[in-house]
Every structure is written in C-alpha cells, then in structure tokens.
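Consider the two complexes below, in which chain A is the common component and chain B and chain C are the respective partners.
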Partner chain A sequence: MVTEGTACAGNGRGVSSPAGKGAPAGKGLPVGRLFTVPGQVVSFLVLIIPLAVALYMSFTDWTPTRGGLGEAHFTGTENYSELLVWDTRFLEAVARTLIISAICLALEFAAGLGLAVLFMRRFRGKKILFSAFLSPMMVLPVVVGYTFWMLFQSNGPVNQILGFIGLSGVDWFKSSLPAVIAVILTEVWHWTPLFFLILLSGLNAVPENPLRAAIILGASPGQLFLHVVLPMLRPVIMVAFVVRTMEIVKLFDEVFMLTRGGPGSSTETVSLYIYKLAFNDFQLAYGAAAAFLVLVGSLFLVHLLLIPVKDHIMEEKR
Partner chain B sequence: MPPRPLTLPLRTLLCCALILMLFPIFWLFMTAVKPPTDWNASPAIWVPAEPTLINFKTLFDPDAIREYGVGGVSRSAGDAVFGSLLASTVSTLISVGAGVFSAIGLSRYGRGSRSAPLVILSGRMFPPAAIAVPFVIIFSLLGLIDTYAGLIAVYIAVTLPFSTWMLKSFVDDLPREIEEAAMLDGMSRLKAHLTVTIPLIRGGLFATTMLVFILNWSEFMFALVLSYSNINTIPVQLAKYVTATAGTLYGVQAALAVLAMLPLVLGGFFIQQHLARGMTFGAVKQ
Partner chain C sequence: MSAPKLEAAGLTKIYKDGAVVAVDNISFTVESGETLALLGPSGCGKSTTLNMIVGLERPTSGDIRIDGRSVVDVPAGRRDVGLVFQDYAVFAAMSVRDNLAFGLKVRRTDKAVIRREVDKTAEFLSLTDCLDVRAGRLSGSEQQRVAIGRTLVTKPALLLLDEPLSNLEASARPAVRQELRRLQQELRLSIIYVTHDQTEALSLADRVAIMHHGKIIQEEQTLQIMQYPGHVRVAQFLGSPPMNILRGRLADAGGGVKFTHAAFAVLFPACALPAGIRERGPDKQYALGFRAEDLVLVPPEQGLWQGEILGVEIRGGDAVVNLNSHGSPLQCVVEHKLKAAPCAAPAGTRSESAPDLRPEPEKEGFPTTRRTGVSEAVPETSPAFDVVSLRKGAPAGLTLAPENIVLFDGDSNLRLESTLVPVPQCFNPQPSPSVA
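After this line comes the complex of A and B, so read on.
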C-alpha cells in the first residue's frame, strides 16, 4: 500500500510514478484518468479550439465584414512585425502596464506588510477589524472603478479633502499624470488587503524559537524583524508577488470604469488596447496577433516569477 | 511570547488605515441613497439630508425617477440581475462539478507531471482580452454570441483550472487511507469517492463554490464583448448607466453597485478562513 507521503511526492515534486502504483488498487481501468475527462473535454472545447482558430487568424487580414474565415488572406507574420516594430501605441501600452504594475505592487506590499505587522499586536476587536480590512478585496472590480471615478470627480470628496488641508484640487481625469495616479491609488486600495491577508498568514506561521533565540542574543526589535522574521517570510512574500503579478498585468475593469484609457491613451493598459483594437475597431485579426504576443509575454513572465517559488507552491505542506 | 499591546500612535495609525479602507465603500452607500439633486452637487454632499430609496426603485422601475425630473432611464436592471444569477450559478455548478472529479483524479491517480500545475497557473494569467478575441471569433462563427450558453461556456472554461486546483489542495489534505478502507470493504472506486471523499471535503467544496461564484459574478470583460441585446449582466449594466439627457445616473448606478457587492462581501465573510488558500492556489494556508 502506498502511503500518502509518497503519493504526494509523486504529484508535487515531479517524481514520476506509474499510474498503477499511485492508485489504491492497481488493476482495472485507469479510473483516475477517467475522473479528469470532463475537465479535459471542457478545456478542449472552449479553450484549445478557439485559441487554434485565433492563432490561424492572427496570420491573416480577416475582419468581420469579410464574412466567413475562408475569405481571409494569409499575410504571414505581417501583423506581428507591425505590432513589434511600428505600433508604438502597443509598445507604450506594454511599458505602461509594466510600470503601473511595479508601482502598485510596491505600494501594496508596503501597506500590506505594515498592516499585517500591526495585526500581530494585541488589541480588542481584532476579528471584526480583520474582516473590515479584507472587504475591499471582495468588491467587484467594476464597482471599485465606478466608486473611485466618483471619488476623483473634480467636485468630488478627494478634491474637497485636499481643499481642507489647503491644497488646490486636481482635475484627475483631464491630464496624464493625475489620471495614472488615480488608477494606481484605485488598484492599491483594491488589492492591499490581499497582501495583508497573505503576509499575516505568513507572520502567524513564523516559529517562535528562532525569535526567542535572537532576543536572548540581544537583537533589537528592528534587527529581529529585518534579519529573522523577513527571511522566514520570503517564500510567502514571493507567493504574494506572483499571485498579484498574474492579476495586475491583466488590469482592465477598473481602468475601463475610471478613464477608458484616457486622456488620450495615457492610462491605456495592454488589455484595454487589445479590447479597443478588437471590439471598437473590429480589427480582429490584428487584435488576435496582439493577444498572442501578450499571451507569450505573460507566460514568459509568470514562469520567470515562478522559478523561485515553484517548490513552495507545488510542495504539499502539512 | 505573548503579543505586545498596540500603543497609542500605532492605534491611531490603524484607525487612519481603517478610515481609508472603508471610506470608498461609505461613499458608494451614501451615493446610493442620495436624491438626484445631491448626486453630483458642488461641493460634494457627504451624507444626504433626505436619504431616499428612489435609486433602488428606479433599478426595477425605470420611470420611478421621473418624479425628480430625471428622464431617459430606458432599461430595467432586472434582466441584468437575472442574467448575472443565471450565468454565475450555472457556470459555477458545472465548473465545481467537473473540477471535483479532476481534483480527485489529479490528487489520487496523478502521474506526477511536473508541468501540469504550471499549465493551470499560467491559464490564470492570460489576460481576458487575449482570450476574448478568439472566443468572439469562434462564437460568431457558431452563433453563440449574445447567448447565455456562450457566456456560461466561457465562464466554465476560465474558472475550471481554478476550481480544480483549489479542490485538489483539499483532497490532498485528506488521508487516502480513509478511502482505501472503504474500498477494502468492497466499494468501487467511484462509489468510494462519491460517498467518502466528497462528503469529507464538503467544507472545501463550499469555499471553492463561493470563490468561483465570486469570480463569475464579478467578471466584466467577457460579458461586455459577448453581449449585445439578448443577454446582460450586472457589471455590464453598471458600465451602461449613462443617458443622453441626464448624463451619468450616479445614484442609480451606485444602487446597482451596492446590490452587486452585498452578496460578495457577505459570502466572503463565510469563507474567510479559506480565502488565503483560494487566492494563492493552496500555497498559503491560514
């Protein structure tokens, strides 16, 4: 009889084991594989086929007005070279998405870590405050976008508060930099709770003995945090960054509600640009090419990010 | 080591953070109960002097707002609520239903492929815009655009990797000796999984169902590009609340936003202890 531990090693750490060995009773049909059939059928029908069609299309000049796919002319890699060499709007959108993502993640990490550290202290009403701090995460992205659109109106509460403290109001959506700042603040509000949640779970799991040892050896609270707690948090921090990066490079809903990419294209993310290409200008073939470039780029980025945490994510912990 | 108490400066800091976190939600709720004259007043009105439920009423009875002299709300939000409920519920049930079998298959009979988890994780990273283009192309060829069947198919496809992966982490937590005992008693594998494994992970099943429902309920872009006139969802309707005569219908829009987020905030409360696991693909457990 195979024990649980070995089976998990087979799954998680990539030690390949024949199907029969992992199964409780190694005979009969490969029942296990039958279990995954519904999932595979669905993935095939609704992911693989559309992707294959779109991949073909991205090498053509098809637009919906031409009718069936048979009317498309094969143009080779023209769409791709156009995007990568001439389409500055696309390249700018890529750069903008990466920059906005980096700033948001840094701010979310700092704020989330600060909050999590506060939550390690003793105070009353912790449970209810914990729920309150998680609530932004549960709000629909579209609703978040709409709410912040109201907050940042030129006669809205944000400018009012700026007025109270003696600063002049800003027309948030009329020039580039304020619009980008509004987008970043919205994202940070929405997703700081996720960093908070993950980092707090990590802090709670830090074992006590190394801390005691460091205190006995005379470490100051600052040293304790920097040299003992943070290194032990590293895997959890990496997981938080990976998860958030995967989400934020897709940034669309909030920006759509806040600025629609404007003014001009100063807050246009990659997702928004592809959306406009495909569904406002109906350049579906060109849009498909852009989509595939983004897919490949995203894949590359996520695998790059996953290298340091792969084992942490896939290892079964108990 | 007992935790140290929160000192006064830190307490103040925490209060400030709390206000920042709750203010946008407060503003949304206040806007939802403002009469049209207060919607976009200058200077902005924080708390309406005469709170009203007219915005909520207008959602389902577009003419109700006319008593305030605001016209042009042409569409009831009823079909958006119906559409969201239909698409989210059906796709969530199918996604979790298929996902639980995939999860058992992967956890109990998995062949230990190293790339499988990576494929699943990568699937979560594809920008919806990138997947939406192929979907729209193939759906327009198949006549599935602007149908709930099409929207539901998309929702199942994009949430299935998520539900599979999250459920797998719950099945992994379950000692397989329990199922083996049932099988030694003469149960078939299928029956053992149906009567032993699945009931034992019901907590995880519930949390996964809630999270997948939240993902589907919040989804915006696919619904936006796949809907014209026959189908509608709440996020799409939210983006549409602008009329030619009255401009943005702040209060009505806010009322719909409140209706949309209430179930999620409440639902999130129930699955709080599984939230970290759900959002990190099982990598972090609370």
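After this line comes the complex of A and C, so read on.
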C-alpha cells in the first residue's frame, strides 16, 4: 500500500511557475516615462505640497487670525501630545467613530451578503430590483443625510411606521442612543449596496465544481456555505471591508446633516470634530495635527485589513 | 450471482423542452472491481452521464442501480458515489488535511477515525508531506491526488473520474496514469473513467464504451474495440491516425462482389462475403475501412493506384502522410528515416530536394510478397523514407495490405463482418499505362 514518499512540491511556498521565462526586462523606454510627467506634476501640486504644508502646520501654533503661516511659532509635537493625552473629546470622537464604523460594517456586510445570496437565485423582477438596490449608493451623502433627517423627524415617516405597528415614536435627535442609531441606519442604508455589489460579483466568480464536489461528499447547504463558499469569498470580503473602512473612518456628511454631532457630542465623529476645530474655532494647526493622527491611524487599520488580501494577490501571481 | 456494481438502464437526458437530447437511451453495467471507460468527443454526453450517476442531474427517463438499489431519487451526497473532476475542484483555501477530511467531517464522523483515515489516505497517495499546505498552492498532479484522496477517504462504492488527466501537462500524464493504474489494482475499485483520449481509455479500462451524439455506439473489451470497430464513427475516432474510410458501391463480379471506388477496387470472393450482402440488393452504399498502417506508400510506378501528397506530419519515429486520392482524403503511416549528414555529392546524382519514393537499396529484400490480385508484391509496411523530402503536390503510389479491411453498411454505418477470410483482393479497375 505504501508508496515511495515524494516531497510536496507545494510545500507551503507555492507552485513553481514559468514566471521569468521570456518576461520582459521591465525597463521602460525613456519616452514612456515622459508620459507620466504631467500626472506626477499634478499630484505633486495638489497632493504632495498641501500635505507637506499641513504637516508643517501641525507642528506650529498657527491660526489664520494671527497672520501668515510664516509668522507662526514652531511648537514641536505639542499639538500631538495635547491630542493624544489631554484632548478627551478627540479620543472619544476616535472611539465613537470606530464603534459606529464597526457596527455599520457588520450590518452592511450581513445585509449585503444576504442580498447577494438572494440575487444568486432566479426570481421575477430581479433586474429591476437589482438596479433599485444599487441606487442608494449613487445618491450624494449630503442628500442622504438631509433625506434621513426628514424621515427621522418626530412627526416623520419613521415614527409614523412605528405608530402603525403599535410602538411609540422616538425623538431621534434629542437623546444620544436614538441619534447614534439614526446615524448608523442612515449609513447602512447608504452603503449596503457597495457590499452587495462586491459580494455578488464574488459569488458569481466562485467556481462551480468545488461546490458540486462538496455536495457529492455529502455537505448540507449550511455546511456548503460556511465551509466552502465563505472561504472562497474571503479575498473579496476583505477587499469590500478595506474599501468601506477607508470611507467610513471619514464619516462626516450624513452626521453633519443629521445631528451636527449632537446631542452634545454623542454622535460627533472624528472628521466632524476636526471640521469644527478648523472651521468653527479656526485652530487650523491643531486640526491639521488631528487630521494627521487620523491619517496614520487609518493607514494602520487598512494595512491590517490588507494583509490577508496581499497574501492572496501574491499567491495568484506565483 | 450478485448484482453489478452499477447498472444504467435506458438512461436519457433531454434539455430545453426536448430541443437538446444530451444522452439518448443508453444502457451499460459496471461489475465490481471493473473499470469502464466512456470514450467520445466533446459534447457526446459523457459528463452528463456521470452527472446523472452521481446525482447532480436527474435523468429524464431510465434507471440507475448501484449494488442493485435504484438511486434515481437519492440525493447526490447519499449515493455512495465519488466523483473526481477534470479541474480537480479542490477546496483551494483549505489545507490538504482539511480537504481529505471534508467528506468525513460533514458526515460527523468521529475525530479519531477522521485522523486515522486521512493519514492512511495521505500515505497511500504520497501526500503526507503536504498535509498542512493549502491545496491551492499545490501543483496540478498533487491537486489531483488530493481530489482523488478526498473521494477515497469516504470509501465510495463507485468512483467516477471525469477526464482526470486533461488538465495536466503532457509530460506529467504517464506518471499519473500509472498512479491511477496502481489505485485500480490495489484497491480493486469499480470505476467509470470518462475521457476523450483513447490512450487513457485503452490503457486504464477493462471495457470501453464509445459515445457519439448521446448514444453508446459500441461497447467492447478494450483490446477488441481497436481491432474490430463496429461502427464507422468508432473507426474514425480510434487510432492515431484513425481508420481511412472510403465510400463506394458493390457489384457482382465472378461469383464474388467487387467494391469499386474512383481510385481502386477490392474483390471479395464469394466465400469471403459478409453475411446478408447479397440480400441487400444493388445500389446500396458501403464504406470500406482500413488502417493508415495498412496503406503502403510506394514509388508512383509501383502503386496499385496513385495519390497526391498533401502534407507530412512527423511524429518522431514515424510520420503520417496526408494524401488525396481521386478526391478522397487518405492517411498513411510511414517510418521516418533520418537522412545521414550530406557528403560531397558526386556529379550527376539526384537533387536532394526531389522526392524519392523508391525503397532504400538495403530495403530491397524487405517487402514481404503477397498475392493480392493484380498487384504483385505489397510490402507489409511502407518502406522507410526521408519524409522531409516528401513534398506537397508530389505523386505517390499506393497499395493496400488487405487482411484488415473492414466493410461497413453505408447507411447505418455498422460493420458488416468482423473478419474477412479468405483475404479479399485489391486491384486497380482501370490500370494505368505504367502499371499495365
């Protein structure tokens, strides 16, 4: 029965591939590089320079009321230490943003996956419903915020529907929890279609034969979904989370239109707080420092989420 | 007597409200420990047949019995049938261990049993070193072993292999074929092997069923089917190159009958006539089949009839010469003789580029003489040529070794006789001046 043991070619390091055989050396022609110059100039002007100026600004005490940036005093890391150690409003805004983001992402993922699975089946009116389900994503965030602000008014449609099913109306914007719920529901309504679209395309790309193999091996529909479909969807799920995370940590428009961060600061997200620092209190240097901290935090978060996706992409290339 | 492992009776699959008949009333059996190959071109219904057996598709009509029990109404996962897919269909994100264990896990088998069976199967298939590697990272042949192992762990009553070698590189196929042969012999599995590759079918199967347009047109022991194709389609599908088929009519000739084609004729003596030919009456179409190996390429003046060379496919030791003979395409296998490095050619010698169909001097004694009617001597095989010198458009002489000529009914395409004894005679009905 026993055969000669053969070394496993895969061995956890991927299969040897003809990569490199006959591949171009990778040296672009100088004329080809010239074509990238306009793009590089534009990105330098609109991205690198403002970023560098903002970074410099974050190490000063500059406010526009005290003259030009050149007259500002260099304060070193004072703004950063202030934000990270003493500014509880900032830290609370960060925590609040993360909590709202996590809840929103979980709900959007669950709803998007449910819809995607539903749309893998055939049913009447599928094409019209598909367009309808995608449409929220196409609406401007400001419009969404304003629309939901009207829907959540004390005599608005949401309270009327609650009344229909025998529940008492809620003053959505007068206490903390209902306000947070309103923000989350608005965000989930707006961005579930993105999860739906990405996951549906992922489900459509799942190869059929492993599913058939699992069925033949005796897997139930639940086992099939949990043990075969979801692992195959993992890279797509991660991409969806990365895209949405990058977007949701900047959550601003809907909150601004719905609650302006209130009541109190119970729905104040970090973007809204930075906006208030910069444009209400004119603490532009302090706001720039806060913005840089958020940028670094976001990059770290996205990097964490990208790790498994990177692995997948590298594996495909091998 | 125990029931066959698998019995398919009147199996039919019709799609699109009758518009497409994928499988058309086929019946076959697979005995315990036997390997049956379903062989046929793409789209002939092989994979649909497998899908019906495994339970992924429901037959439109017919019955499937495994160990004597009808399984048509049994869902796919409970039929005790394993299927290995053409693309292996391993669970790429799982480790090899999880792949092998999958079938037992979903059946809620005891963990200790799962571990034991997985280790045993991994050892049997030389996968022990790969157990913790993700299946998606393995090479094609390793993935295939994982796919086979994943099925074997569940100990199915019947194993179905759907073109398991098609996705492998040509160089890896012989080794995997050997591996499959070992599995067969050591485990005595009942296997249905679906393929369009005759080499795989002939080397692995005990019996071969040839499918065409959803029907089984011949089912035979492996060795028999090559020698005695029962249908024109089988003759045209098997062999490399396949059998030459010429269509023509029969006419009475001196007690026997004469098959006449534009190019040449074959005289069947009365005692060699296939049964029932005389009762079929005149004006019936017939098809004459002979292997490319039995068609002999000779110099034009020595041929029973002539053809024009259309091209040469060198296959290594031999070559296939494509010919046109009076509008009929023919193929002939010749031994490929590599020309020695050119020496200084003496003045007046023949140009190297000119085709030379004359037998090599040292081959003069080679042709085995055989009385074949008008033709005086026919070599058993074509003499060796430097096939590179066979140029497109050059004339060639052709003769035929008649022992293995097969006669088919021109309408039903079924073979009329398995062997023709005594040997018919080939001759040219209108001898060319050179031959005369």
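Heads up, the rule we're going with is that the second predicted complex is superposed on the first by the 281 of 318 C-alpha atoms of A that agree within 3 Å, B and C clash if a C-alpha of one lies under 4 Å from a C-alpha of the other, contacts with A are read in each partner's own complex, and residues count from 1 in each chain.
The rule we apply is simple: a contact is a pair of C-beta atoms (placed from the backbone, for glycine too) under 8 Å apart; a residue touches a chain by one contact, two chains touch by 3 or more.
Only a predicted model underlies this, so the values are computations on that prediction, with no experimental measurement involved.
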| item | value |
| --- | --- |
| Which superposed partner A:Asn155 touches (first chain B, second chain C, both, neither) | first |
| Which of chain B and chain C A:His227 touches, first, second, both or neither | second |
| Partner chain in contact with A:Val85 - chain B first, chain C second, else both or neither | neither |
| Touching partner for A:Val143 - first (chain B), second (chain C), both, neither | first |
| First (chain B), second (chain C), both or neither touched by A:Leu51 | first |
| Chain B versus chain C as contact partner of A:Arg212, first or second or both or neither | both |
| Partner touching more residues of chain A, whether chain B or chain C | B |
| Partner chain(s) touched by A:Ile198 [first = chain B, second = chain C, both, neither] | first |
| Common interface residues of chain A - those touching chain B in one complex and chain C in the other | 1, 4, 7-8, 10-16, 212 |
| Complex interface listing, chain A residues touching chain B | 1, 4, 7-8, 10-19, 22-25, 30-40, 42-43, 45-47, 49-51, 53-54, 57, 64, 68-69, 111, 114-115, 118, 120-123, 129-144, 146-148, 150-151, 153, 155-157, 160, 189, 193-194, 197-198, 201-202, 204, 208, 211-212, 236, 239-240, 243, 246, 249-250, 252-253, 256-257, 270-272, 274-275, 278-279, 284, 287-288, 290-292, 294-295, 298-299, 301-303, 306, 309-310, 312-314, 316-318 |
| Touch list for chain C against partner chain A, complex | 54-56, 76-78, 81-83, 85, 87, 89-94, 102-103, 106-107, 123-130, 132-134, 136-139, 142, 147, 150-151, 154, 182, 186 |
| Chain A contact footprint on chain B (complex, rising order) | 1-6, 10-11, 13-14, 17-18, 20-25, 27-28, 31, 40-44, 46, 94, 97-99, 101-102, 104-114, 117-118, 121-141, 153-154, 156-157, 160-161, 164, 172-173, 175-177, 179-180, 183, 189-190, 193, 214, 217-218, 220-221, 225, 234-235, 238-239, 250, 253-254, 257, 260-261, 264-265, 267-269, 272, 275-276, 279-286 |
| Sites on chain A touched by chain C in the complex | 1-16, 207, 209-210, 212-220, 223, 227-228, 231-232, 234, 315 |
